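You will see two complexes here that share subunit A, one where it goes with subunit B and one where it goes with subunit C.
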Partner chain A sequence: MMRTVALLFYLLMPVLTVLGENRFPQPQFESGYSMPAISVPAPRVASWELLDVLVLGGALSLAAWLILKKRSRRGVFLLTVFSLLYFGFWRKGCVCSIGGIQNVAAWLSGNEAVLPLSVAAFFILPLVFALFFGRVFCAAVCPLGAIQEMMILFPKRLPRPVSLALGMVPVVYLGLAVLLAATGSAFIICRHDPFVPIFRLGGELSVLLAGVFLLLVGIVVARPFCRFLCPYGVLLNWASRLSKWHATITPDECVKCRLCERACPFDAIRVPVASLVSESRGIGVRRMKWLLLLLVFLTGIGLWTGSRLEGVLAPINSKVKLDQVLRSNHPAVEKKYALELEAFRSGGRNPQVLRAEAEAVRRQFRVGGACLGGFLGFVFGMSMVGVSIRRSRDAYEPDRGECLSCARCFRSCPKEQKRLKP
Partner chain B sequence: MSELKVTGVVQSRREFLRNFLRGVLLVGLAGMGARVMLGRRCQSAGDFDRQKLCKGCPDVAFCPSAVLSVGRKVWQLDPSKCTQCGRCATHCVLQSSAVKCVHRPAQCGYCRLCFGFFQPGATTLNSAAENQICPTGAIRRKFIEEPYYEYTIDESLCIGCGRCVKGCSAFGNGSLVLQVRHDRCVNCNECSIARDCPSDAFRQIPATTPYRLKAGTESSAS
Partner chain C sequence: MSLESKSSQSLYRMACAVAVVSCVFSLLVGMLLVSNSMAVRMASPLELPELEHLREILKASPVDQAVTDKIRDLDQVVRHLYFTGLASRKMGIILLLTGMVVSLLSLQAVAWLRRRQPEPRGYPPGPDPLQAESVARWVLAGLGGVILAIAVWFGQVDRDLRAGSVSDKPLSSSDAAGTSASTVNTSGDSVRETAITWPSFRGTSGNGVAASTNFPVAWDGATGSGVLWKVEVPLSGMSLPVVWGNKVYLTGASAETRVVYCYDLATGTRLWQVEAKGIANSSKKVPEIFQDTGYAAPTSVTDDRLVCSIFANGDVVAIDPCAKTLWTLDLGLPFNRYGHSSSLARFQDKVLIQYDQDAEKGIPSRLLALDAMTGKTAWSTPRKVSDSWSSPVVAETEKGAQLITMANDAIIAYDPASGRELWAVKCSGSDVGPSPIFAGGLVLASITGDRIYAIRPDGSGDVTATHVAWTSEDGVTDVSSPVSNGELVFFAHSGGLITCLEVKTGKKVWDHNLDGEFYGSPGLAGDKLYLVARNGTVFILKAGRQFEEISKATLGEPSDSSPVFVGDRILIRGLKTLYCIGNKAN
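Let's look at the complex of A and B:
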């Protein structure tokens, strides 16, 4: 009898899963049995999220005070440890400002109706602080920066061209993340966040290994994720260039003693450049003309290439992928996506409707891809213009964009020593 | 002297541009914050009422008791879409998945031959390990009265594979469903199970009504 039932089970399973409600009547108990209640544990209460936002605001304010007013590296370091413990190991690195970019992109594009208030606060607050005080978020609040901060043991300098070229990677990452989030396809920043598996002590092995690899690289190349990968760092870099009160190396006037030259592990200290430029004005103007032409050319190339990326990028979207699989009629492909196909067929969805939805997503990718390409071309061009402009500088200064405001260089300045021990 | 003047002009021009751009960006960010604040919707006023939180504010933007909880969402799966593919057990970022099987006694038939409990090829109807469909033996079976048996789930053992759910919905009342358990779920920004769910059953739903357990209402809730 059992065997017949088993056979029936296997035969009817796909059909019956769709149905399946109340085949058997409710039993009438005579022994006075009462049904147990279903336990429904509640999610983390909202006040914890309010606490997160308050801690974020407090940590940012404290960091700004420690860096700009107190000029204390020790204080900044202690705050870094606190942030690593609170935002990293206690809150498990979620939600973070870096991932918040995607929520904001999805919300602005209309793909997500609601932007949770805490996510909005995590996205907005560090940017506002950067507009006033520089990248104080990177200095002591971000848990991803904090974990790498602990690893800076033997920092070596990278050649300037190498760090400039690697510095373009975060821009590409940012652009891709925004495009994929705005089309409702994927949250790649969250998926490839290398340190969250360490905070959670679990997760995808490949991502965990990437995190460990970055930490090891971080022993010699200081904070590699922050400088050469972090998409939120790009936004903070831009905001910090406009900062009203950015940290300075010396508390007084620079005497150009060169003592701070090697103090920065992030290579963000700019040396003085003579104010008298040796070339004539005509050469400078001609070079600028060529650079602006190059800027327009790169943007155009980007627009053209980006609009052609749809074939590569669109299948990341599950709807486009499923439509492709349905149309492929290839046994190997169908085997690989057997679960998806089974779910699609048992759900009784219409392939024509899916086709239309997938086509709408593809259209978004064509337009979005062109925007992405144009944006990248423009940023590359602008960075080339930036390197080629000779600007006079008569003191040792931190690069406002690249400086993480870590306060390491303060101590190397003799004037700071004098300030501390008058 | 003239040189000094020129640098002075350049500096102030740069300073002016910087101030202007900063102002624009600050206004933009403030506008965004205001839109987030004003765009929130109170999804379940009734639920707030039950918790004696709702004071009947005229505008949700200034709700004092739920500044952050309005518009707050958590991940949950829709049992009516779920095809019990088994990925919930393997794709969660947690070591032991946050998705567990939940038993709804009100829907249960208390059957002696339960397809959520017994392996299809089971030879005898006792709770020997080889007869059970659950790979970890997380379902407990207790005799109540002839012919009824009570089934309960030991969540510490359940891995969320959904095999019992598949059996129960195929032949039984469908009283077993998979649900994200919010005491375990860390509410990732992008749920890694949702990303790979073949039947697109995961949604972010209001944190005030975080489960989908009522029979028949699951699909209407989406």
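Let's look at the complex of A and C:
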């Protein structure tokens, strides 16, 4: 019975692709009719932006209280539903903290980008809360997390090596997103946000398909976007590791009953580890030395490799691409970019100016590519060092970085049950 | 299973039933929506056969108001249907989402009711911490390695593409010339462009050296063996093809007609031709020319924005890659005994013209620079020389860019940015046809009727006594220009004598008589010299310290052309035909 229902639901998800947008050419008027001027929606009035920030701050505070003080999974779930409705379907997924990374990167790069205060607040507030209370934003405030939260029906645990490998994808995504935003090339996080077309009931088909796919996967692999794609999750993960107060599985001393061991759909519960390990100290120290050397090597080779990717990455920038098209002088290429060429030529812009601008962007990519490569090499190296550092643990604890503070594990603890029903 | 009580069991059954019904409902709505969506996506309402038919009728009778009205009515109906469909789709989407939310809630209820008590005793023991650490390290190392390999591969592929994907070891002009500063890249082109373009007379650097090395050494134009394509050029001309990207530009002219042709490098298809006509003040008088010169002897210049050409009557035309004429200019009928044949040069955004004329007629020679995009004169400098047939070359020397010119009376260098004269070497030539090159740090100029001059380009004023490194009477040519690899320089006399001199000293290394006459200048690709004889035979020699003939190829028709090296192909203009020679496997 269950399998039939699940199968039906699986079959159902792809039909969401009907939300994909259609385009239709405008009529070709020959005379008499003047086309209306293209208009863009006016920016949201400041008071509404302030309301968004206040709602965000309130939701974060409430989430922290529900998780750390109240220890209420039901409260967290209800707040998740609210966030899905408000930040997701009402605010249509924008502004969001994840995309805020790009605004901040563009602003810091000095490319004449403006950073609205509301966007800055959306970027900073969840990180500040993570520094104090863990990933309460992921738990109940992020609309992208919320829509996936609703899909967790039959979660399965992934093998640890698989989740470890997939967990590096967001780091690469973060690095690329920052590079492209800082060079003024693209806001890939917004452009490829898989759930925004669902919130807006319309969008680009390929992105929508990606969203549907992630929701389907999310039925058995809990919150795949949050764990294996979200670039903001990387920052929250790092901040949460330093959190002053973090959710605990038990409200009291752990009795190691193992009842919570499988309670987390995100595989973020760490089992107790004895301090004694069957390995001599000398071997461990030697390994650590090699790993530290490897860290330096990986950072260096990352810098070198990244600096050579300018030719691959720079054409993502529209100026560089247009310059390339103009230079190629190839009919097939010109046909492919006919609209861009027409716009450029009819705009009366000087190709030499474009070329100079494109060259400036290329220079940015040379430096930025090296930084990206160095960053990725450093993170990989640090991750290898991190997994090699042994910490003794005498209780079941959430992994401070990976725990999404969803509060699912609370109820599995007998001490928690006792607290609730004294 | 937490379905112990009867109420729980009935709740579970109800949740399952709701889930099934809502899923089936949503599925049906969804399928209808998908089919509707696909139909809308695939439909091209504006390409309806009826509409197309009406448009055809309208084309035949453009003033038929009835047809116009019919088209408008049909267009409106089509659009109305389309947008009505979109509107109904919105309702469908709302139904679908409602059904899905109900499905999801019921499934959540089902999952909640199916909860099981955890059974820790059945859990397998966790992995050994040391082993887990080791696995984690290997996973990270493996993933990092894969990402690194992909990044390196992408970087390398990109670099190969930039290098023109034609040479394992691409020769830049400066490498080929063996000098730290050579006649390179005065327009700021990238390395890749250097490999796939040939933007002016004798290439980017103006010295006839290819940017890559793997060119064919055997072909037969008559049988088509080794020839990728050949096309007949309607009007003849001595000008060489210039190439940018996939476009090959060529000029041809008769006494009355002057045309710029554009061919597809890949196939030889003629993409367009533009006649230079309607030029204001253009002289209707036909210039007196020597038959060997013709009406279209000067080679054009090109870049990604335009091709600029000059003809024997002094008409200049600039055309964009889409065949649109950007500007035209009449320089006035040149008084030149054999006809104007000096090719254009380019420097940054300027087109440079050496317009030497017969001093005895009282018409001063001049050098002028035109803005490439507008045709406006950027600067103009008078030249105290008589008519010549040599082409100017922009050399990138250690002192900066210099525009080197040759004439009967002097070799003169100018600042290409301002037209200011930098230095001059007096000479006493006659009917100077060859053009200079810059190699090994020296300007090499073969002054017909005089000697070969090697000049250090770091002087100013009259440097005849101070900066001539050496002169040689061996190897002086009359028509063709030299070519050099920086160590050796090669000259081809029209009579068939090939001479090799040492660039540094001017000492003769070897000379050899070939069975051919040479008007076209030799080209150099790696260690191979390509010499096109007037009868169409192409001699391929080793560019070394000893004479060595590698092979001979034939065009199948006479030619006074120099080889044009683009990518891994050679373009050679015959008397009537343009040949593209290359390896079909590439």
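Keep this in mind: the second predicted complex is superposed on the first by the 376 of 422 C-alpha atoms of A that agree within 3 Å, B and C clash if a C-alpha of one lies under 4 Å from a C-alpha of the other, contacts with A are read in each partner's own complex, and residues count from 1 in each chain.
Following the convention adopted for this analysis, contacts are C-beta pairs under 8 Å (C-beta built on N, C-alpha and C of every residue); 3 or more make two chains touch, one makes a residue touch a chain.
Computed from a predicted model, the values in this text were never measured in an experiment.
Scan A:Ser118 for contacts with subunit B and subunit C and give back first, second, both or neither.
Only subunit B is touched by A:Ser118; subunit C is not.
Considering only touches as defined above, state whether A:Gly347 meets subunit B (first), subunit C (second), both or neither.
First partner only, subunit B.
Could you tell me if A:Gln102 is touching subunit B, subunit C, both of them or neither one (first, second, both, neither)?
First partner only, subunit B.
Which partner chains sit in contact with A:Pro170 here, subunit B, subunit C, both or neither? Use first/second/both/neither.
neither
Applying the touch criterion given at the start, work out whether A:Arg258 contacts subunit B, subunit C, both or neither, answering first, second, both or neither.
The second partner, subunit C, only.
In the superposed arrangement, does A:Pro143 touch subunit B (first), subunit C (second), both or neither?
After superposition on chain A, A:Pro143 lies in contact with neither partner.
What is the contact status of A:Leu127 with respect to subunit B (first) and subunit C (second): first, second, both, or neither?
It touches subunit B, and subunit C stays clear.
Please write out, lowest number first, the residues of subunit A touched by both subunit B and subunit C across the two complexes.
Of subunit A, residues 2, 5-6, 9, 12, 16-17, 20, 22, 24-25, 27 contact subunit B in one complex and subunit C in the other.
For the complex, which residues does subunit A have touching subunit B?
Going through subunit A, the ones touching subunit B are 2-3, 5-6, 9-10, 12-13, 16-17, 20-27, 29-31, 33, 35-36, 38, 40-47, 49-50, 53, 92, 94-95, 99-100, 102-104, 114-121, 124, 127-128, 131, 186-187, 190-191, 196-197, 200, 202-204, 239, 241-244, 275, 318, 337, 339-340, 342-344, 346-347, 392.
Which residues of subunit B touch subunit A once you look at their complex with the stated criterion?
Interface residues on subunit B, with respect to subunit A: 7, 18-19, 21-22, 25-26, 29, 32-33, 36-37, 39-41, 66-74, 81, 83-85, 87, 93-95, 102-107, 109-111, 113, 115, 120-123, 144-145, 148, 150, 152, 166-174, 181-183, 185-190, 192, 195, 198-200, 207, 210-211, 213, 215-216.
Okay, in this complex, where on subunit A does subunit C touch?
1-2, 4-6, 8-9, 11-12, 14-20, 22, 24-25, 27, 150-151, 153-154, 160-161, 164-165, 168, 172, 201, 257-263, 271, 273, 277-279, 298, 301-302, 305-306, 308-309, 311-312, 326-331, 334, 351-352, 355, 373, 376-377, 380, 383-384, 387-388, 390, 412
What part of subunit C is in contact with subunit A in the complex they form?
Listed in rising order, the residues of subunit C that touch subunit A are 16, 19-20, 23-24, 26-27, 29-31, 33-34, 36-37, 40-41, 45-46, 75, 79, 82, 86, 89, 92-93, 96-97, 100, 103-104, 107-108, 110-111, 114, 118, 120, 123, 126-127, 129-130, 132-133, 135-137, 139-144, 147-148, 151-152, 154-156, 158-159, 161-162, 188, 190, 193, 244-247, 264, 271, 304-305, 321, 349.
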